[in-house]
Amino acid sequence: MNFIVYLAGEIHSSWRDELKAKSQTLQLPVTFVGPMENHDRSDNIGAEILGEQPNPVFHDLAASNINNLRTEILLKKADLVIALFGETYRQWNTAMDASTALAWNKPLILIRPEKLHHPLKELSEKANVTVISVDQAIKALAYIFEQS
Amino acid sequence: MNFIVYLAGEIHSSWRDELKAKSQTLQLPVTFVGPMENHDRSDNIGAEILGEQPNPVFHDLAASNINNLRTEILLKKADLVIALFGETYRQWNTAMDASTALAWNKPLILIRPEKLHHPLKELSEKANVTVISVDQAIKALAYIFEQS
Amino acid sequence: MNFIVYLAGEIHSSWRDELKAKSQTLQLPVTFVGPMENHDRSDNIGAEILGEQPNPVFHDLAASNINNLRTEILLKKADLVIALFGETYRQWNTAMDASTALAWNKPLILIRPEKLHHPLKELSEKANVTVISVDQAIKALAYIFEQS
Amino acid sequence: MNFIVYLAGEIHSSWRDELKAKSQTLQLPVTFVGPMENHDRSDNIGAEILGEQPNPVFHDLAASNINNLRTEILLKKADLVIALFGETYRQWNTAMDASTALAWNKPLILIRPEKLHHPLKELSEKANVTVISVDQAIKALAYIFEQS
Amino acid sequence: MNFIVYLAGEIHSSWRDELKAKSQTLQLPVTFVGPMENHDRSDNIGAEILGEQPNPVFHDLAASNINNLRTEILLKKADLVIALFGETYRQWNTAMDASTALAWNKPLILIRPEKLHHPLKELSEKANVTVISVDQAIKALAYIFEQS
Amino acid sequence: MNFIVYLAGEIHSSWRDELKAKSQTLQLPVTFVGPMENHDRSDNIGAEILGEQPNPVFHDLAASNINNLRTEILLKKADLVIALFGETYRQWNTAMDASTALAWNKPLILIRPEKLHHPLKELSEKANVTVISVDQAIKALAYIFEQS
Amino acid sequence: MNFIVYLAGEIHSSWRDELKAKSQTLQLPVTFVGPMENHDRSDNIGAEILGEQPNPVFHDLAASNINNLRTEILLKKADLVIALFGETYRQWNTAMDASTALAWNKPLILIRPEKLHHPLKELSEKANVTVISVDQAIKALAYIFEQS
Amino acid sequence: MNFIVYLAGEIHSSWRDELKAKSQTLQLPVTFVGPMENHDRSDNIGAEILGEQPNPVFHDLAASNINNLRTEILLKKADLVIALFGETYRQWNTAMDASTALAWNKPLILIRPEKLHHPLKELSEKANVTVISVDQAIKALAYIFEQS
């Protein structure tokens, strides 16, 4: 049995690489999927495929057509979603991915620094597990497959 | 036929009152529901009902138990969700309510200032309608019931 | 018990008025809902609410944001959909409304002239009943409530 | 992970061959499915299997029994639907396939020439992505699997 | 709170009248719905509405288009289904209505003479309650609303 | 808007009366439903309606046919479930009702004495709110409808 | 892509063997599943596993516990159901399997002799395809996978 | 075809080993999944991953976050659930797993000693099969795959 895990969160750091490496070390039966991590490509993919758009709002709409299509297909395949929040970005798209998972009855591990506990309190309460680091997330993930 | 509309968004301003008043003026067949709008009561309701909690994180968890229960029941009844975003707050709970609506196949009208188009691009793309003011939202809402 | 029926089809003729009148004569326990029937208003509602759009494609997209919101909410409430096809228009939106009904497990009465049997054969096969006139549709509708 | 893509649209040209060839060149992890592409066989399959039918309407009904069975099974397996519209045919069955995908919460890429933007506006608004060529569709599809 | 109960079964005897009378005597908060009970009208309704059909098979198909439409709409509204089997008829349509209820997660009370226990064993095992008379069915129904 | 609340739990004490009285005092827009509270009637209803059964196991099966039918219909109507656990009884049926609510995506308020926190830990974690008394449950319930 | 087909129908003849052989000859990508075909074993499996039952009705209930469990698991896996009706048996369980498939939105091929068209009219109308022989069923099945 | 079976029940004895060994002997096409069977690890996993908690109630909540995540993911994958009850433990979590399976329309085999028939009567009535030993459960399981 193999499990698919969608990694939702900012695409500015390499947190996914860390998480995948740890999972690989533990040989977890997991395939990771996620968004386009090249930030510029992600922002411009709409214009690239659909052509130049009349203004920045439509530029973003076109990009989101393409990015949301990718998210929808991969998120649908996921057995679990791990969403990471940090202090820097607005992350409304991360909140959307995490909430969509829960609304689709897919379990969610939420990674967030403790200082963000207040603005994330509602999402955290609904998540299956709230942790403060990739390390804790990996432990919760590994436990799913652990045989005593 | 009466329709239930859930109003998601910050509870610091009286934007819901404005929206409800406009709807009433137009005599729309709509009942509005939403979160507890007294911010302090909302933040402390967990401690009030369940008792003092050991620390701020648990204080927020207890409040979210109670607030999320309210949201879940009322959101489930909604035929439509209107979510308002502004520049001031983190609004990850608003993003959660808006995304949950979409994931539950409930239509969404998103109200946001144009300058927030970039961080809200993904949610905006999935919303049925994105507007910049309560006035535009009311017009889109009223159109649903309009007879030529 | 009251039933809600969504009337899908072109908004250039008054076929809905005929159908509603006949239903009323028979005193059927039915409330009819449907799209905006003022064709110009329907086409321009996007620009009217959301503002002038950069080009005709975006003009249509904006209108469809608003019109599809209306369709989604009303179609969701429907217990039955009646879709009328004629020879004049492309009616891809009518096909969309009719198919959505079926995909949402809502029954469908399809009204079409016999000469359109070939291009409508797939949709007709999936519809509950295919008739050639509003009169026949009303009879099928009335039969639902008839007591022997 | 392999993905199944249903190709909906007219069966008079070889547009699917072009799309599949491009996908293969890019080595996308995709299996394509679709309707019977031999137009005469598709139209006559009902009579062939079920026997001669009393008139052209029943001839079409019998064929649609068989063709719709195929569509239903393959469409259900699909992770994504790509629907192509052109100017020549009525394409109400294409609209049905595309709309069914959306109603079943399966993502849709819509390919249509820009001059058809007006009659396809409602379907286009609901589609995940609207493009004007097989090339653009392939790019949107490929992006789903692209690793930065 | 009012409950809707669909009465599935043969339309040759007046068993429904007996059941409704008993329910009314007990003042149960129940509305009963069911098929057309005039057997000839039921069999001929297709020809009546859609016109004469080429042969008996199509005659039955047309009637079933209309009758199944009625069943689908009323069964969908039902909170409970009561299905009665007797020894005389084939009752494959009754088995279909009863099974559809269960498959749609609607509870089912099955009324059948004990001597039919063997051919009905699978359906009986899946039914919520199996009884041998309308009297027993009414008692099971009444118990739902009984306050101690 | 009226809400239906299913009260799951032992039928040996009058805890439901206390809860309903408090709700009435607060004039909450709630209708309460629940199981047969006459314990003997509940245990014997199968034999009473279906006749004497061959042994105690079948006696219980017959009673459960009838009681589970009632639970299923009323639980399906519920917008919220409140489940009470105490120390005296096995309450596996209460656990079943509470868990069914959650699995059907209905919110759950769990009432249990703190000393039962360990054996109820899994159910408590999944419940929306865990409280220790009817009073706390009523407060959480009332908060849903409270306007600031 | 492999497809699973559930074969519902009497277990007194070897019609399944004929169907499987034909499918194998055509090398269709299909795995067939179905009920226990040893009629005595099927009838007695309840007593065999659960022990002697008090009377024939409970004997049948026990067998149906076991047989229905098998049907449920295998039917759930099916992409398509083929149901065969003949003149000899009551076949209410066959009607249940066929109807359950349709109610679960699984396509159905119905095989029945033409002389049974009247009692099977409702089920036939809802089935995707109605044929009169295993041969015709195989052709409809094979067409699903045929490439022009 | 391989089937996944979730084994719900106490983690104090080795009943799962017995069941798996018997299944392996019969070469059933089954993969078994279940909870963490090391009781201490299960109870303390929350503290281990998330850190020391303020009191025993939160200690259990943290453990349940982690354990429920595992249960949710594995239970979702299951085609069948086997739940074992014994006399010693409260087993409210076992009742939760068993009921969740049924509520998610997954079949359930219930293993319980006959002397527990009364407190388990409601759950037993809803289960597909109720047996008294692992041996009987294995027989019911094996029958699913048996070819005559």
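Chains: A, B, C, D, E, F, G and H, in written order; residue numbering restarts at 1 for each.
Note that a residue touches a chain if its C-beta (ideal position, glycine included) is under 8 Å from a C-beta of that chain, and two chains touch if they have at least 3 such contacts.
All of these numbers come straight from a predicted model, not from anything done at the bench.
Visitor: If you check the contacts of chain B and chain E, which chains show up for both?
Guide: Both-contact set = C, F.
Visitor: Walk from chain D over to chain F along touching chains and report the minimum step count.
Guide: 2
Visitor: Select the chain at the greatest separation from chain B, using centres from the mean of Cα atoms.
Guide: Max centre-to-centre separation from chain B belongs to G.
Visitor: Identify the chain pair with more contacting C-beta pairs: F-H or B-C.
Guide: F-H is joined by more C-beta pairs in contact.
Visitor: Since chain A and chain E share one sequence, what rotation angle in degrees maps the C-alpha trace of one onto the other, as a multiple of 5?
Guide: About 180 degrees of rotation relates the two copies.
Visitor: Using mean C-alpha positions as chain centres, tell me how far chain D is from chain G in Å, no decimals.
Guide: Roughly 31 Å, centre to centre.
Visitor: On chain C, where are the residues touching two or more other chains?
Guide: 65, 68
Visitor: Among all the chains shown, which pairs meet the touch rule set out at the top?
Guide: A-B, A-C, A-D, A-H, B-C, B-F, B-H, C-D, C-E, D-E, D-G, E-F, E-G, F-G, F-H, G-H
Visitor: Show me the residue ranges of chain B that touch chain A in the complex, using the header's touch definition.
Guide: Those residues of chain B that touch chain A are 56-57, 60-61, 63-65, 67-68, 71, 85, 89-93, 95-100, 102-104, 114, 117-126.
Visitor: Would you mind writing out the residues of chain F in touch with chain B in their complex?
Guide: Residues in contact with chain B: 1, 3, 79-80, 107, 109, 128-131, 136, 139-140, 143-144, 146-148.
Visitor: Using the touch definition from the top, list the residues of chain F that touch chain G in their complex.
Guide: Against chain G, chain F makes touches at 54-55, 58.
Visitor: Quick one: in the complex, what on chain A touches chain D?
Guide: Those residues of chain A that touch chain D are 4, 31, 33, 36-38, 41, 45, 48-50, 65-66, 68-70, 72-74, 76-77.
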